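In the two complexes that follow, subunit A is the common piece, with subunit B as its partner first and subunit C second.
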Partner chain A sequence: MANQSINSHPVRDLVTVVLGVGLLLILAFPFIWVVLISFRPESEIFTRTFQLITTFTLDNYAMLLEGSPFPTYLRNSLVVCTVATIVAVVISMVTAYGFSRNRRFRGRQTLLIMVIATQLFPFVILITPLYATFFSLGMINNPLALVISYIAVNLPFCIYMLLGYLDTIPRDLDDAARIDGATTLQIIFRVILPVAWPGIVTVAVYAFVSAWDEFLFALTLMTSDENKTVPVGLAGFFGEYTTQWNLVMAASVVSTLPTLIIFMFLQRKLVSDLSAGAVKT
Partner chain B sequence: MSVLPTSAPAEEPAHVWGKKLEPYLLVLPAMLILAFFFAGPAIYNIALAFQELSLFDLGREGRWVGFDNFAEVLTDPSTGQSLINTTVWLTVVTVVLRLVLGLGLALLLNATVFSRWKLGWLVRSLILVPWVTPPVVAVAAWKWLLDARYGVVNQFLVGIGAIEQGIPFLARTSTVWGAIETMLIWRELPFVVITILAALQSIPSELREAARIDGANEFQIQTRIVLPLLKPVLAVITLLTTIWTFNNFVYVWLATRGGPGDYTQVLATQMYTTSFVDYRMGAGAAVGVVMSLIMFAFALIYFFVIFREK
Partner chain C sequence: MASIELKNLRKSFGAFDVIKGIDLRIEKGEFMVFVGPSGCGKSTLLRLISGLEDITSGDMIFDGKRVNAVAPAKRGIAMVFQSYALYPHMSVYDNMAFGLTLERGHSKEDIRRRVEKAADMLQIRPYLDRLPKQLSGGQRQRVAIGRAITRDPKVFLFDEPLSNLDAALRVATRIEIARLHADMDQVTMVYVTHDQVEAMTLADRICVLRDGLIEQVGTPLELYEHPASLFVAGFIGSPKMNFLTGPKVEAYGCATLGIRGEHMTIRPDGIWEGTVIHAENLGSDAYVYLDMGEAEPVVVRVDGTATVKSGEVLRVSPLQERLHRFDAAGRPIR
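Let's turn to the complex of A and B:
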């Protein structure tokens, strides 16, 4: 290509790559460092000088999983995030279908603008009234309160993202199924869902990861130790007064694993979908 | 919409009504959830802001106190401090730095050499690292990196002779904002880089080629052709990150709890502290109302920008 002959200067290419990869390694370093530290014996975590390689041990992980409440946090997070994700995806699928296949019902435009506007809602101000509401419902320390919160917080983005995706699926599919006598819900879950899975994967990952990372609702609504989720539990390890750094490091790695694994497998797709989805509004 | 003939309502088959109702039924569950979760609490929050209600008295009616909570919040000198902290140190500084660093890094990584040498996977994997890190982990990692004795940053600075002994970055007023901003920017930069990269890759290479043939140098191409094309994306990123950051609670709370003293208190942490540490739900709700009014102004700008572009 002409592009190639004009653009390739071996020296400039090398400088660009070294600079780019170097900067990215600096950017990735803090987490890589956490991973390295998490495999060190406690005595070698606290060194006064920089040491890249030290003794390798799994002690911190053993202590985290056997001698700390972290497994409970992990279970709570997995349950809450999984349930919230599934429900959010199902509801947003039905809603997005409603908006996608009915272009001109009264109020459509207003409702859509409201959905988009909700994405900009300052969630943080909800925490005082929501605490009061869940308190009067007797739902403080009830994981269901957190599940409901995560569904609601994620719905707007999921609906908006899926709407864009469903709009690209031809309506002939619906029409054919309808002639065969399928109901609308059957069409959504038996006909559209199998075709729409790439969009659903993106939305599900978004919902799961943002629930997994969430801190403020979990901090406020789940106050007893046996109900805490991973972020709040982990934050408890570096409290105001004492910090168990060896536990913090191992817990940090374990808390990052789910997102890391998801993104490793789906990086190319997720990176383009999520960045495009966020800015598309 | 077409109006059905009123002369023959009896002939109107049942499924026509079903068809007209169907879109409403489909979107109803989601709209109800959003109404109960956003509209309801938002209205309740406004009502709470006019009451005095202790966290321990929840379930009972609060005492109506008119504008007392607002008067208290707005005359409290620490509110002015949190307002400046929130807008300037938390939001403006980090949004501007994210845009500048993000733009620079995206332009660098957009160089054709990365795809020619098949390094796209490496770039994507590395840039994702901070993005997949939960914010709590980001704070934990940086607290450790910035530790006065055992942190790598201080060990490095002492090692090269820049300082004589480690600095407790998060405990000193001169360094604490820089430390919090570093944590936030580190975690949130990849979103900006990736979004700008996506926009850059949608610019047809013919445009650059044409400019080059017309005798434009690399700098002119970037500033006169690429940058103007990025403007819509940059505008949206700016407003989104501004809104997200303005409301952010987790970085300041976990890094300093608003300290030392009240030095890094932001509106979100002030609201949380008032409601859940001082147990004064009414006053906390008033802080929330002040925050949402400021956010409302931001949202108006956002929609203005979006609709002007469309």
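Let's turn to the complex of A and C:
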């Protein structure tokens, strides 16, 4: 790549770029469509997608944020997903550390298989027992119920991801820290966690996004309007007879923002850390 | 500032016995080197001393006090690892200060003073703000040693600290460690190595381990001159001692006759005859490999200026007082 100016193939490069852009357009088309429509007045939402001479308006966003319960959904989602993500990362970090550093305790293999086994169920069959449990605990419409469910559902994958990552971190680091007087928790959070940062980021993004997009649990466990999360709230915009398409589009755009921001922010950090060889000792 | 006593020390991993009963006393300020073949338990023994590994049975005594259940950080030890084990996300300064910041009761200035003092001893002051990845291997190992010094330990533990360095750096760092030992004459050092030269040059005493047991403990010269077994004789010294088992040996009344390459001379009236298989010239001296009808070629050390050709027939004589006689069980006959 570095000496492309000397050894260049203009035609081949052009084809590559054209193909790349074309592919990108196909992939991004639904999103572009949603974004474009979200800035059009209701009367014009069925005009051609790329017809550029349409009225540009922020009315949809104004209505979404001021005249609909969407901000409540957004806040609910942010709170639930953030808390669930942080707790899932902390728990999976400690658990994965335990599995990674203790290779020979009795039952290790069985425990690991059990962790994986939880992933064998389709989540749909969990809905009824989950609902019954939270109902008897009086936790229907309590966001904590959703937080707990998301943590439980995300933990196995997080643990496995982190276990693979922690196994690559030399144990000498733990030993050095132990000799320096660190407790196990200090070793995990002050030595291993910063070194395992790229793995943590991957796991956190996974946990956040999967909670952010989750629909079934949220639909079942949060029945009152003020507790709904974005996916469920968004579904509510599809009325039985009429659908407020402009609102739906604006809401879709807003609801992708947190994920987008997280990805852009963390990816930069991730890439710079990886390329700097942060895991090398 | 601490003597270390190991009493009938044992360590098993599950059903697998690694350390099989070791009694050893390491004196205050002594430089003790553990050597032995790979897998014999050197690292495990060092980790038992450090407290990183739990003792299965027996006693570990520091300065007369039993420390079996004392945490590593409370034993007054510091350890230097083969892999350096520097914290990759911390600057050199933070790496060195980490232990002190974890201990309560050190002021910022106190920590800074101690880190800088250690950094000066090892000439790493200019790198204090760098991250480990911005240092060369040799610099990293010096930082690791500096981190150990900062803790002001009574016992220094080294597990093959030089094996990841290239030859020139190895020598330089070895000399640095020797100097350090001289400067800190109150500090006990325990050092694990594979390297003959490190063992011979650094040690006050060498402990040869074999399969979880002590084979022999003694000063480098004692081990070199009076190996207590065939195993030690073959392990200490480079090139390896020659062991003769053929008909020549009968005259000496033993099962195996040992003679080091440096204790034989090539001379026309030599008592043994051999054909040159190969010669290695190291410049200062040369190793001549002779076929003397023994199971293995016999190595003779000669002056580097000597010219020897393959296929040449030579006569050699051993220095009679340097012959080592061993019985069939591998014990020396004195």
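Operating definition for what follows: the second predicted complex is superposed on the first by the 232 of 281 C-alpha atoms of A that agree within 3 Å, B and C clash if a C-alpha of one lies under 4 Å from a C-alpha of the other, contacts with A are read in each partner's own complex, and residues count from 1 in each chain.
Keep in mind that, in the parts below, contacts are C-beta pairs under 8 Å (C-beta built on N, C-alpha and C of every residue); 3 or more make two chains touch, one makes a residue touch a chain.
Being a predicted model, the structure only gives us computed values, none of them experimental.
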Query raised in the report: When both complexes are superposed, which of subunit B and subunit C contacts more residues belonging to subunit A?
Result: B
Report task. Figure out whether A:201 sits in contact with subunit B (first) or subunit C (second), or with both, or with neither. Result -> neither
Report task. Quick one: classify A:139 as touching subunit B (first), subunit C (second), both or neither. Result -> neither
Query raised in the report: Is A:170 contacted by the first partner subunit B, the second partner subunit C, both or neither?
Result: second
**Report entry** Which superposed partner A:104 touches (first subunit B, second subunit C, both, neither)
**Finding:** both
Requested in this report: Check whether A:186 is in contact with subunit B, with subunit C, with both or with neither, and answer first, second, both or neither.
Outcome: second
Query - First, second, both or neither for A:178, with subunit B first and subunit C second - result: second
Query raised in the report: Where does A:36 make contact in the superposed view: on subunit B (first), on subunit C (second), on both, or on neither?
Result: neither
Query raised in the report: Thinking of the overlay built on chain A, is A:266 touched by subunit B (first), by subunit C (second), by both, or by neither?
Result: neither
Report task. Pick one for A:65: touches subunit B only (first), subunit C only (second), both, or neither. Result -> neither
Query raised in the report: What part of subunit A is shared between its subunit B contacts and its subunit C contacts?
Result: 104, 276, 278-279, 281
Query raised in the report: Mind pulling up the subunit A residues that touch subunit B in the complex?
Result: 2-4, 6-8, 13, 16-17, 19-21, 23-25, 27-28, 30-34, 37, 45-50, 91-92, 94-95, 97-99, 101-102, 104-106, 108, 111, 114-115, 117-118, 120-133, 135-136, 148-149, 151-153, 155-156, 159, 184, 209, 212-213, 215-216, 220, 230-231, 234-235, 238, 240, 243, 245, 248-249, 252, 255-256, 259-260, 263-264, 267-268, 271-272, 275-276, 278-279, 281
Report task. Going by the contact rule at the top, pick out the subunit A residues touching subunit C in the complex. Result -> 104, 170, 172-173, 175-182, 186, 191, 194-195, 197, 276-281
Query raised in the report: Given the complex with subunit A, which residues does subunit C contribute to the contact?
Result: 13-14, 47, 50, 52, 71-73, 77-79, 81-89, 98-99, 102-103, 132-133, 147, 151
Query raised in the report: In the complex formed with subunit A, which residues of subunit B make contact?
Result: 1, 20, 22-27, 29-31, 33-34, 36-38, 40-42, 44-45, 48, 53, 58-59, 105, 108-109, 111-114, 116-117, 119, 121-138, 140-145, 149-150, 152, 155-156, 159, 186, 189-191, 194-195, 197-199, 205, 209, 212, 233, 236-237, 240, 243, 246-250, 253-254, 257, 268, 271-272, 275-276, 281, 284-285, 288-289, 291-292, 295, 298-299, 302-303, 306
